[in-house]
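Just so it is clear, A, B, C and D label the chains in written order, and each chain counts residues from 1 on its own.
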Amino acid sequence: MKKNFKLMNRLITIGLISVAGMATVYAQTTPPEVTEALNSSFASKGIAKKDRVIPDDIQILCSDKVFLESPAGQKRAIELQAIALAAIKPPSDGKYLGDWKAGDKVAQSGKGATWKDNEKTVNGGSCYNCHQVTKAEMSHGTIGPSLLGYGKMRGNSQEIVTYTWNRINNSKAYNACSNMPRFAHFNLLTEKQIQDVMALLLDPQSPVNQ
Amino acid sequence: MASPMRIRATESGGVVDVKVLMRHLMETGQRKSSDGKPIPAWFITVLDAKVQDKVVFTAEFGPAVSKDPFLNFKLKGSAKKGDTLVVSWVDNKGETNTSSVEVK
Amino acid sequence: MNLQRRKLMQMTALVGLMASAGLITQAEAATWDKAAFEAKSVDDVVKALGGTTAPTVSDKVTLRAPDIAENGAVVPVGVESSLPATQMAILVEKNPSALAAMFILPEGAEPFASTRVKMGKSSNVIALVKSDGKWFMSTKEVKVTLGGCGG
Amino acid sequence: MKRYAIIGTFVVALSGVMVAPAWAQTSAGEQLKAYREALADGNPAELYEMEGEELWVKPMGPKKASLDTCNLGLGPGVVKGASAQLPRYFKDTNKVQDLESRLMTCMLNIQGIPESETIDAPWGKGQKKVMAAIVAYVVTQSKGMKVDVPANLPQEKKMVALGEKLFYQQGGPMDFSCASCHSVDNQRIRMQDLPNITKAKGAQAGWGSWPAYRVGNGQFWTMQHRINDCYRQQRMPFPIYGSDVTIALSIYMANKANGGEIITPGLKR
């Protein structure tokens, strides 16, 4: 869970400068009773260690609907989006698109990262849980938008390719409180898996674009 | 306690509608346990329903019948309101279970 | 055939043993049609059930099964017929052994039975009804979907 | 959840793909409805209920006593309608308790069975197996009644408020909270409808139909088990059986569902 799950982050305070130039500090913290309940109610099990309850900056922001809807919250969202975007790495071998067939397997699988899994479990992307992806798979969720025809509609200009890459790597770069997990940020998917999912979305041969 | 079985038998227009729910694992023999060992097949093979010692319906199951099996069948002429309907099953390990109900 | 007969004899011997030990009554155990339940394909099941020709597709056989099953572990299926039936069966074509359940109908039992079966994947489900010594059938495809979070 | 601050030039492109072929979903949905209706007749939860009914009066534990004097809130031994009013505040323990944590109190005080025996048992084994059967029996005794959890007492109000905060609290490597899946109407994960628990209708559908028998694994799941597996799928650590988080979320849901019909035990995928 890396550095951002350090215990001290639990009570992080976010300072923001108001538009008027006056230094106004908006304190946003996880309520102490919530922290206390989380601490007393959860236990480590397998790979799901207890520190997973400790929210990072994005999780603190997105857990607080009231603050999120305030001007300060919106401002904070933009700030965190910029941080997320800046941290995204382009593919190490320069290849954005892998194999769509392998990508469909990643999209189908909802496995990994639970206390029933272990370090050797190959994580899935759980894409079908929330998105319609191909016509053939009728068992798909509706939490996210349909991705049917994704590449066909947009083409594969570098702009589209980079946007899609970023969106899968860290969806929060565009929407701080997107429901979509940060697949690269938390190492949920490997670079190769992301390249394969990219191909699933953008390869003209992929069933997504048929 | 014996593994539970629930039987409902209701008469309407001369037809007795019988519904049976049984607790049974119905292991297929195709699954493996977490340590990789095959889990042996264990399933109900034969179920029969009797009224006054006369068999009125028989079902034979393979391991493809779902866990905690449900069975629904209908009798016309071989059972009537007030009769005692006895349902028994035997599984492939030779374990048996019997339960009865009055036709309502 | 030899192997099958040998298996059958072993089974009979075992059943005899269990029956003499008072575990089960001879009548209860003797009826389980091992050959039919162990047959792999639909054709082999029909043969094991004594069918000499392919079953006739008939609209007098009604198969109740869903178009989609939310979970392959539990698929409700039922068979019903307007023919005077003595025996009925439910088969899942793509299961390792096709025969899932069989029903024997003495005088006074309606040609109606419904249960729940496991399906490993999307497959044709077949209802067989024996009437006047001949087998009749009805078929329906059931799609098994993936559900839940998949974790 | 609203989508805030989507920046860049991709807003239009993104919204363009939000139109899913509605007909495909409707017809698949109707076909699934037929499947679920075919299953509704004959819920194997009844087998657990039968077992629980026997266990309720069976002397067990070091004190060889039965639970039939257990006070679930309506007086010693009163089961009818008891679970409809749970979770609630109990004076003797000075705690808000759900059905399962209250039963643990009774098992301890009446039968001498330590709470840890239930808490530490794996699902479906040992004292958790006993618990599941008893829960099946108790909730069936409130079937057809209305959820009656007004949460008027200050201790109850406090737990509802905590539950609401926890409902939105994100964590884990997928950033999920309960709200990620349960705060918008008419959403599905794969083929499963997700009740919007932030509204009465959704809360009633969810709270009112659990505990339930799950056909997929042939198990009877209590509400504690249901919440536990939600957290597993959220990739969170293990929520301790009967812990504050589970009770707070339960009373938050029950209070939202107040007045809704109880159809437990349900039958689920």
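Throughout what follows, contacts are C-beta pairs under 8 Å (C-beta built on N, C-alpha and C of every residue); 3 or more make two chains touch, one makes a residue touch a chain.
As the structure is a prediction and not an experimental result, all values here were calculated from the model.
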Chain centre separation in whole Å, for chain D relative to chain C (CA means): 37
Centre-of-Cα separation between chain D and chain B, whole angstrom: 31
Approximate Å spacing (C-alpha centroids) for the pair chain A, chain C: 48
Numbers and ranges of chain A residues touching at least 2 other chains: 114, 116, 128-129, 138-139
Interface hub residues of chain B, defined as touching at least two other chains: 66-67, 70, 72
Sequence positions of chain D contacting 2 or more other chains: 28, 189-191, 215, 218, 232-233
Chain contact graph, described as a line, ring, star, complete graph or other shape: other
Chains touching one another, given as label pairs in label order: A-C, A-D, B-C, B-D, C-D
Touching residues (chain side chain D, partner chain B) in the complex: 41-44, 46-47, 50-51, 54, 213, 215, 218
Residues of chain B defined as touching chain D within the complex: 1, 3-6, 19, 21-23, 25, 66-68, 70, 72
Interface residues, chain C side, partner chain B - complex: 18, 23-24, 27-29, 31-33, 37, 73-75, 78, 92, 95-97, 99-110, 112-119
Touching residues on chain C, where the partner in the complex is chain D: 64, 66-71, 73-76, 116, 145-151
Residue ranges of chain C touching chain A (in the complex, touch as defined): 68, 143, 145-151
